[in-house]
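Look at the two complexes coming up: chain A is in both, with chain B in one and chain C in the other.
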Partner chain A sequence: MSKTKILIFIAASVFIFSASVFLGPKAINPFALTGTDREIIFLIRLPRAIVAALMGIALGASGAVLQGILRNPLADPYILGISSGAALTAALGLLSGLFFFGNLSLPLTAFIGAFFASIIVGSFGWRRGGIWPDRLLLAGVGLSFLFYSVLMLLISISSDEGMRRALLWIFGDLSIADWSLIPYGFLLIIAGLYLSVSRAKALNALMLGDELAHSLGFSVNRERLLLFVSVALMTAASVSLGGTIGFIGLIIPHIVRFFIGADNRIVIPVSAICGGAFLCMADLIGKSVMAPIEIPSGIVTAIIGSPYFLYLLRRRDVLNL
Partner chain B sequence: MSLTYSYSRSILEMENVRFSYLKDKKFINNLTFSIGNGEFIGLLGANGSGKSTILKLASGILKPSEGHIKLWGKPLHSFKNKDRAKLLCYLPQLLDINLPFRVAELVNMGLYPYDIPPQITVDEALEMVGLKEISESYITNLSGGERRRTFIAMTLLQGSGILLLDEPLANIDVKYQIEILKLLKELKEKKDISIIMALHDINIALHFEKVMLIKDGRILGFGNPETVLTADLIKEAFDVGIEIRKQESGRAYISYENNF
Partner chain C sequence: MKKIIIIILISVFFVFNSIFGDEIPDRIVSLAPNVTEILFALDLGNRVIGVTNYCDYPEEARKIPKIGGMSNPSLEAVVSLKPDIVVMTTDGNQKKFEERLRSLKIKTYVFKSRRLSELPQGIRDMGSALGAREKASSFSSEMEKTISKFGRTLPSAKKTKILFIIWPEPLIVAGYGTAIDDVITLLGGENIASKTKVTYPKFSIEEIIRQAPDLIFIGKGHTNIKEASKGLLKKIGAVPAVKTGAVFFVSDNLYRLGPRVVKGIEEMAECLKQKY
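Moving on to the complex of A and B:
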């Protein structure tokens, strides 16, 4: 029963991924490729679709994990301040023009910010040998505000092309995607995904509460730390690939649970697949509807995502709030 | 370890255990007791008397600041988490799960400590607690009593011989209270499971074989209800004067008659 549903999710995702490669401002017939078509696909569309898929995979999976470790259905990967830390350092880089690594400069500076933000939020959430979910959540909210206000300060006192890029990037900018980013993003995201799926049983137990998780034979502090590391890895990698794209981490895990239940051994991988497909779709819409102007994917996901999320909130039985 | 060999041994022991949540303020003070195999014990005390803390210490969730806790004669904290989980199981008072887990999925989590699953299946466990018909229901749609039974079924899969239950009768109707007490009694008799459960209803405690009366983290009395639940000790434990009466059958019950 749920196997069929999972197959449907996978098939739909593959379909959306292919659509985002072949459709766009210029539709390409995959059965009659011209030389230009090949160039468009291999130089622009395919790397961009892969980056979108990787980012969505990371956001979907880390959202599912984070909602579990925080025991909070409204958690999303950005609530921890990891993304705003990344946004801050990326903007610093963009505005100062101190980019020494070519195409890799922006992802690299973003990753540095995400990395330090993870350590800061993790250490604020740390108490008596473990991460405390409520402390982690509040520390994340506090840090996000701090990082964003410094970011806004930077943007408000600068006035050039760097600012426009920084703003675009904050809302998710996939136009910088090229092949050079993919191996690095792929490795980090697959490592995080593997870590989280390998701890899925522990996450199930943690969702029942720390005491039951302990009673079921799990080391609560150790498991929560490993799961936090997996979230930090995936979020940092995703943000540094293409900016902060909202709502995927929040909504996708809820939709997946609605269809297939709460078992994280299935929820995490299926949220990953669906997150990837959703971002591919959002990117396709963003680059097509107002072509040649591109709408940043983060705005598209939020415009589709927010109303759907509000609708879910109205249907209390879905979220079980 | 064969059950016959260890039948008379104490399975859970506390020796001079001290614990405090805040520094300089002892909460559990010099607690010493020992529980034998197959016992069904009611842990009785007023709110804040330390019942939950004692269960959390016994399950290893909290660590004592002084003293020793032994499980089957071995220090509790020397067990690996998974090995301890096979011997001892704790269910908290609140089972507020707000995620769409199905009953059978939750029960199956009892197998998490095992690499090789034990003999009992999810279906058998659900049959035992009388929830087989609703094994595919979501836990969020169940009543408090059904939830409690779901988690008891989980402990059956977990296969631990010691069950520590924090207020399993709180906030559920009397019908389900009776159901759960019957189920626990059946588990004790059929599966030789030892049970320690916290409760605060004196009338229910009067029906237990053995009662431990707690106040301020100390044991006021431990033994059969007739000797422990005297009017004097109850007054001390609950800070209220009540009268213990006898029914025609000889069973004791408490009366609130002169308190209103």
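Moving on to the complex of A and C:
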């Protein structure tokens, strides 16, 4: 992977990010801002674009890491039950009308759920001093089903308006993005990203199998735990910022591997950048095409992403991972 | 001999009743909250034996056996109640369900009004079908009076831009074709969300800032709606409605096309008066 390729990726991402700030339902000329334009940009578009970028970064990177530790191309960050745990507590919060923390109530309740779900899934995956990929995966799937069915139970027995909103939120909603959310989301996601990139070499070894990783000098249990923590951090932060947004965590790492191979030292950061740019773009499309009606970003990501992914799949002979 | 006379008297009574009496169904199942409210308003509440999970008004309706949701009522629950008639709407109930009821020889009545202007006539028609013609007629005339009164007195020269928020985050507003939209128009206002042609669109916050509404209503859907709205109101702090304090938290009277719209109209008109 050459330096120029990386530079092109970064330049394209910056371009998409700016486009999502200045384009939109109505394009705004950055050199001739009116008062209303300024309000729209600073109060609405900029925080929203940043949240989209952060979520995309978190999902892209954690997807890449998770597919590596589970050695499973179908793994996505939501498979661990972290998002359904978050959705459940967020829905419970909405239902019981908890508003202790004002604006931050929804993200906070979601984060609490994500946090505990990660601990539960981690402890189920834990055996004999380490995390076992298959156990982790199955525990995640089992927990997801449990959390979702409790959530659906709540929704079906409740006539409360709050539940319908919870449902909307679960399918990914960036419109509640707000400056107050950004600092803590930024911290958690950057911490997770740093951790995962710093363990990328170990992840490369883990993908070859535990014995080989061990003989290469890596402590399998320790590395896997650290990588799991990085995934949990990023996924929890991302879910609490704007609900669950599908496709990115699952597909972006594959698209990235199509182009640049399977070296995680590059796959993780590039998946992060592409994920961020892609969610910015999807959000831009979602809020523009039917304006002033907004289409949830989670729907847009899959609608525009899946055909492209299938096209790539047809063209490629060799699949990495 | 006595027995025979009694039997004859009873059968004569039944024959007369079926020829001359208004056929009043004794056991009514309602498949929509607004239908339930209308039934109670027409004094038919004591005949309602089944309602949906969403029928929470008036208070008595909560105690009636539930038959499921609007789009997914339980056929079994409805049939087991042995209704004389099932009342449904075109707005939320499925046509298939009506067909299935009919195939089981259960009578149905479909309430077709979807707009404010169609409501009084809709109530009148429903009243005659359910044997409450007089009550329905007087009730509807009363409603028509209120509607025309506000239609004549309030409209100001300048069109007031109005937004009715159903829920702030994610932002859902009342759009085209809702009772709320009709009332805003009736009172001489302009619903800034009615161009979308969607009844309850997920709306763009940017668009609020651009349209700069003079008046914002926030509907009561949840106990903590004031708290929940803070974030949104901060973001749109510069629009005239928020600046001049013309943000009103109102009841859910207009959420359903039923008897309570009269109260809802009065409530909105009162807010408009406060503003001007």
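Operating definition for what follows: the second predicted complex is superposed on the first by the 304 of 321 C-alpha atoms of A that agree within 3 Å, B and C clash if a C-alpha of one lies under 4 Å from a C-alpha of the other, contacts with A are read in each partner's own complex, and residues count from 1 in each chain.
The rule we apply is simple: contacts are C-beta pairs under 8 Å (C-beta built on N, C-alpha and C of every residue); 3 or more make two chains touch, one makes a residue touch a chain.
What you see is a predicted model, and the numbers here were worked out from it, not measured in a lab.
In the superposed model, A:Asp173 lies in contact with chain C only, and not with chain B.
In the superposed pair of complexes, A:Lys287 makes contact with chain C only, with no contact to chain B. Touch criterion not met for A:Ser149: it reaches neither chain B nor chain C. Once the two complexes are overlaid on the shared chain, A:Ser123 sits clear of chain B and of chain C alike. Ranked by how many residues of chain A each touches, chain B and chain C are led by C.
In the superposition on chain A, A:Glu211 makes contact with chain B only, while chain C stays out of contact range.
Judged by the touch definition given at the top, the superposed model places A:Ser18 against neither chain B nor chain C. Using the contact criterion defined above for the overlaid structures, shared-chain residue A:Thr34 touches neither chain B nor chain C, since it reaches no partner. Residue contacts after overlaying the shared chain place A:Arg45 against chain C, while chain B stays out of touching range. Interface residues of chain A facing chain B in the complex, by the touch rule stated above, are 73, 201, 204-205, 207-212, 214-219, 257-258, 261-263, 320-321.
Residues of chain B touching chain A in their complex: 56, 59-61, 81-86, 88-92, 94-102, 105-106, 109-110, 112-113, 138, 140, 151, 158.
Listing the residues of chain A that touch chain C in their complex gives 24-26, 35-36, 39-40, 43-45, 97, 99, 102-103, 106, 159-162, 165, 168-169, 173, 175-176, 178, 287, 291-296. The touching residues of chain C, when paired with chain A in their complex, are 53-54, 56, 167, 169-172, 193, 195-196, 198, 201-207, 209-210, 212, 221-224, 227-228, 230-231, 235, 238.
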